[in-house]
Amino acid sequence: MGHKPVVISDPYPQQLERIISPEKKAQLLQLVDLKESTQGRMPDREFDSYLGEAIAIIGQTPLPRKRLEMAPHLKVIFNVEGNFYQNIDYDFCFQRNIYILNCGGAYADAVAEMALCFALDVGRGVTREDRLFREGRERYVLEANRDAVQLTGATVGLIGFGLLGKSLKPLLEPFQCRVLVYDPWLPDNYIKEYGCIPVPLHELLSKSTFIFVLAGVTTENQGFIGEQEFNLIQNGSIFILMSRAAVVDFDEFVKRVEAGQIKGATDVFPEEPLPKNHPMRKLDNMLLSPHRAGGIPQAFYKIGEMIIDDLTLIMRGLPPMRMQQARPETIKKLCSRPVEKHE
Amino acid sequence: MGHKPVVISDPYPQQLERIISPEKKAQLLQLVDLKESTQGRMPDREFDSYLGEAIAIIGQTPLPRKRLEMAPHLKVIFNVEGNFYQNIDYDFCFQRNIYILNCGGAYADAVAEMALCFALDVGRGVTREDRLFREGRERYVLEANRDAVQLTGATVGLIGFGLLGKSLKPLLEPFQCRVLVYDPWLPDNYIKEYGCIPVPLHELLSKSTFIFVLAGVTTENQGFIGEQEFNLIQNGSIFILMSRAAVVDFDEFVKRVEAGQIKGATDVFPEEPLPKNHPMRKLDNMLLSPHRAGGIPQAFYKIGEMIIDDLTLIMRGLPPMRMQQARPETIKKLCSRPVEKHE
Amino acid sequence: MGHKPVVISDPYPQQLERIISPEKKAQLLQLVDLKESTQGRMPDREFDSYLGEAIAIIGQTPLPRKRLEMAPHLKVIFNVEGNFYQNIDYDFCFQRNIYILNCGGAYADAVAEMALCFALDVGRGVTREDRLFREGRERYVLEANRDAVQLTGATVGLIGFGLLGKSLKPLLEPFQCRVLVYDPWLPDNYIKEYGCIPVPLHELLSKSTFIFVLAGVTTENQGFIGEQEFNLIQNGSIFILMSRAAVVDFDEFVKRVEAGQIKGATDVFPEEPLPKNHPMRKLDNMLLSPHRAGGIPQAFYKIGEMIIDDLTLIMRGLPPMRMQQARPETIKKLCSRPVEKHE
Amino acid sequence: MGHKPVVISDPYPQQLERIISPEKKAQLLQLVDLKESTQGRMPDREFDSYLGEAIAIIGQTPLPRKRLEMAPHLKVIFNVEGNFYQNIDYDFCFQRNIYILNCGGAYADAVAEMALCFALDVGRGVTREDRLFREGRERYVLEANRDAVQLTGATVGLIGFGLLGKSLKPLLEPFQCRVLVYDPWLPDNYIKEYGCIPVPLHELLSKSTFIFVLAGVTTENQGFIGEQEFNLIQNGSIFILMSRAAVVDFDEFVKRVEAGQIKGATDVFPEEPLPKNHPMRKLDNMLLSPHRAGGIPQAFYKIGEMIIDDLTLIMRGLPPMRMQQARPETIKKLCSRPVEKHE
């Protein structure tokens, strides 16, 4: 102790036990002198007292310049929330080459599986017909299949092609879909290298039978799928919202499903919990999932694994390879408000 | 007319319009002189009157030796039911090299998609949590995920590796599963060539987290997954029944889901419709699907496409390539009773 | 002995030791009473003496009706040459449901690897530049690359889509090629199911940068790629002949490579050995391979493995699954003359 | 002019015309005010005169701090050589968040194709047997195949898993190889996510039938595959050197191929051109390639495409996505000396 490098753990509202398995924690303790918040947020005073020696911080603690200047050995900040907050002096970090790493990649596999599941489920009416079955109103064979849509061979649109899109793409491969991608932050050639077809948003919406919304919220894209955009979508298409409710005009989305133009699935809502009397709770062709696509136990433990891997690399004088690095250009455009989602 | 080869269409209980699109039908009429049953089964007398010239029969009409002997030019019988019946003198057909072709392959893609959907849905509790959401009892994020099982990286067992297993295998590829296969009709090396691991049934059951039952019913395998076999399955595994209810001890299956040992999904039932008061209608962890995995409009139309393709080949003096050929060794072991499933 | 079923082994010009490993042979001897030719062809008299009890024959021994009638228990004939000869009464076999199985599939993997190797090698001038290097005339970096053609993203044409084409297709998958297929024995929809594009021959020739000839010789297709067909090929395309020399006008092929229109590779020749003074031995852009694409030790041993697998199935009353079955329609069109290729 | 942002092009020893197609150049000229070196290196004085306005530099021009301070608007330096040189004040760039981007990725596809080609070619003796054929000494069918090694199903070792390894991995997928990876800069979990097995070097060497050396030279790894390491390699294995000659003890490599322990292929040499009398020019089982795996016309043009894509992103205030970013930790370990390879 004392001779090992100091790492501060203040992951609130996340909990260290949730993101690191006992075995991995033992491994981490071999490697570093871990200063842990015992319950809830670490008191400022305690936190500050560790800064002088700390090489790494695990958590979303506010880090204005004043605090960062107290941490001359700091090399990395591990965000374990998945969202970036405007409570860090990012410019200072970029000048000092302090890494700000994000755990979002830990959930990507789990969310991609769920997105595929939603597409298959809504395309074939699986959840809907299961409900009818429980009510004794099931319809055998062809009768319930008249509106069935197969994923095999369909045109699929991905709105946003970050970690999540890149995790979903391989799952679509055996279905031999034509995969259209709209992502204004990426060059066309980049998208093509993944075997996808870059298109403008309106083309994606008007041509795709399955539409996946995978884009994070930025200062620039709130509600960018609104009335006009929904007008472009073909009758019978399937609209799957995986990333953030704020990128679509949510009322419009609900309205279109209600009207029977599209079928939908969503893992996110403008308010969570959704009001008990919200009309979407009654929609036959809307699959409802209470923000659980990513947060499975395996995904949480992957965060700890990633932290240890990247911390080890950094301590060896190598660049981190597993978590996503905040970048100067985009960090200020990413503005997720702190959803209290791990309670 | 008259100069074109004669083909008899007597597809009852299937309907020709359901399995052949208008475009394809026009194409077929160019090719052959089609003798159609106008409604329901073709009267025997009419049927017999065409046999002397017929080169092909579309349907499951009884064909004892006497009738077959009336058809000296017959080259092929297209079964459009998916099941073989014991109403044909198969030996006679094999001696005369009359093809008996089966349309089962037309459904394989659709069933494979559905099987994957069931696995993902039950693994992540998608339908179950949607139901709770509608009741206003949804549980956000981690709470509903405690029993979530990811397909990615899981050990998967396929019981039966015919057309259906071979259609499902590629869909599993991006999930990097270890795929165990039990199929007593296939040599181990054959299974290995598909990148699967051949194992005995007990090993498959005890090691797999996802178990897919894809085996057709034969005279030899009714109820072969019974009490002892269910005992081998790990707690928390997911059991998905896609092929025929008769291959499992169905009551035992329901019992295990009820007891919480396994979660389940089924597309087939011992009786269809299932009695309204059947207890499985209330099971939280059983996904219920009323025999609709295969019978989607696209799959039905594929049957007609396959018939035209194979008929064209046969008329050109080439072997059929699209439908499955009945084989002397197995035809008598395949004993599906006529499910009246297309009504 | 005597109680085990009798199997006659008369594989000449193949040798049993080459196609069956010692371990596999021991396994076979457990299973059956093997009557072996000790050296070269089995004497007729000896052969005939075993027919009464034989259930299987391994080899290409002449089997006119008279002989077949002496073998009432015969269920299967294993051809271990890869070519079918006109020395069997096939009609009789088909009537009696005696399987005639072919070992061609055992080589498919090895030939597919080699075909891909030829494409990459000729496309990039690998063998050619290695020769120059040995002569001290190598050209570094860009200079030797002016005519380099990448497989990645290229249009590829497969002429013939049997076992060999189906083995090559997956190897091309990561290169994201557009794969055109010409095979007059297959329906378009069959070809599409493998993710290929069915086209007429002239379209394949005029659009493909890499052309693979994979079609076996039949009574109908000798020399079907001749002067007119070569005229259609783009300058700079790569023409790879893997199956049989007789399907192309070989002199024309050599002439086109000589003229610099195309680059070529061939594993087969109209005469083997090729005359020592044949001009193609001097062509810079022709890769020469002395009929060795398939016949590697691993492939030969696979034949024995396939025989045991299929024999076991047949003895259990199940259809064979590993070797290719001769079919009544095509057997008489397959007319390979006996190449003495295993000496 | 003047209103468009200034970009300096000084790519020597590379040439702008080689890395950018005429169409792409026209596009670039629309976008920026391009200051080009007319022939050879741009005179220092001219170069300096542009720095005050320049936002980007294309080339490997020396950039000590003094010069960089003259360029207050500089955002990105495009290295078009593939190697990093110690002629830039990297620390200054990192503090100022000036990107240093590398074009190495443009060659990765082409090199991966070539690496696969070498493996197949040497494994099957393709080039060797072609040479014998030209000498009239070809050996038909089995005779030349006694030492043939199939890639299908083999254990493959990748030494280094950067861009090149990641481009090669998918090409190996259809061969169902077990892929071992040794890369000391990467965590095991990272390697596993690509479906590979992370192993120590000695394990890779002793278990792999095909060994690919794909690691760049660093200050730490020169000659790290030497006598002891070659001792670990199995007889008959195939050793393919794609990246840099300096990472292996080259004489030892040649010795082992000469002795018949291994077969080899190499695209790189300790000296280029290799002395005319070098003994390796005579080795039967060594495939010789004069540093031409990457430098094909298509790859060169890809560099220009990448530059335009990343420059466009940077001008839009977004991070570059196509070229590889120099990283503070590793830049000083990368010490390739300037090979004059594009002459």
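Per-chain residue numbering starts at 1, and chain names A, B, C and D are given in the order in which the chains are listed.
The rule is short, and it goes like this: contacts are C-beta pairs under 8 Å (C-beta built on N, C-alpha and C of every residue); 3 or more make two chains touch, one makes a residue touch a chain.
All figures in this text were calculated on a predicted structure; none of them were measured in a lab.
Traced through touching neighbours, the fewest hops from chain B to chain D number 2. Chain pair with the larger contact count among A-B and A-D is A-B, by C-beta pairs in contact.
Ranking every chain by how far its Cα centroid lies from the centroid of chain C, the top place goes to A. Rounded to whole angstrom units, the spacing between the C-alpha centres of chain A and chain C is 51.
Averaged Cα coordinates give chain A a centre that lies 34 Å from the centre of chain D.
Contacts with at least two other chains are made by no residue of chain C. Of all residues in chain A, only 94-95, 97, 185-187, 189-190, 305-306, 309-310, 312-313, 317-319, 321-322, 327-330 touch chain D in the complex they form. Interface of chain C with chain D (complex): residues 18, 109-110, 113-114, 116-118, 120-121, 124, 126-127, 129-131, 133-134, 136, 138-142, 144-146, 148, 150-152, 170-171, 173-175, 272-274, 276, 281-282, 287-292, 295-298, 300, 341-343.
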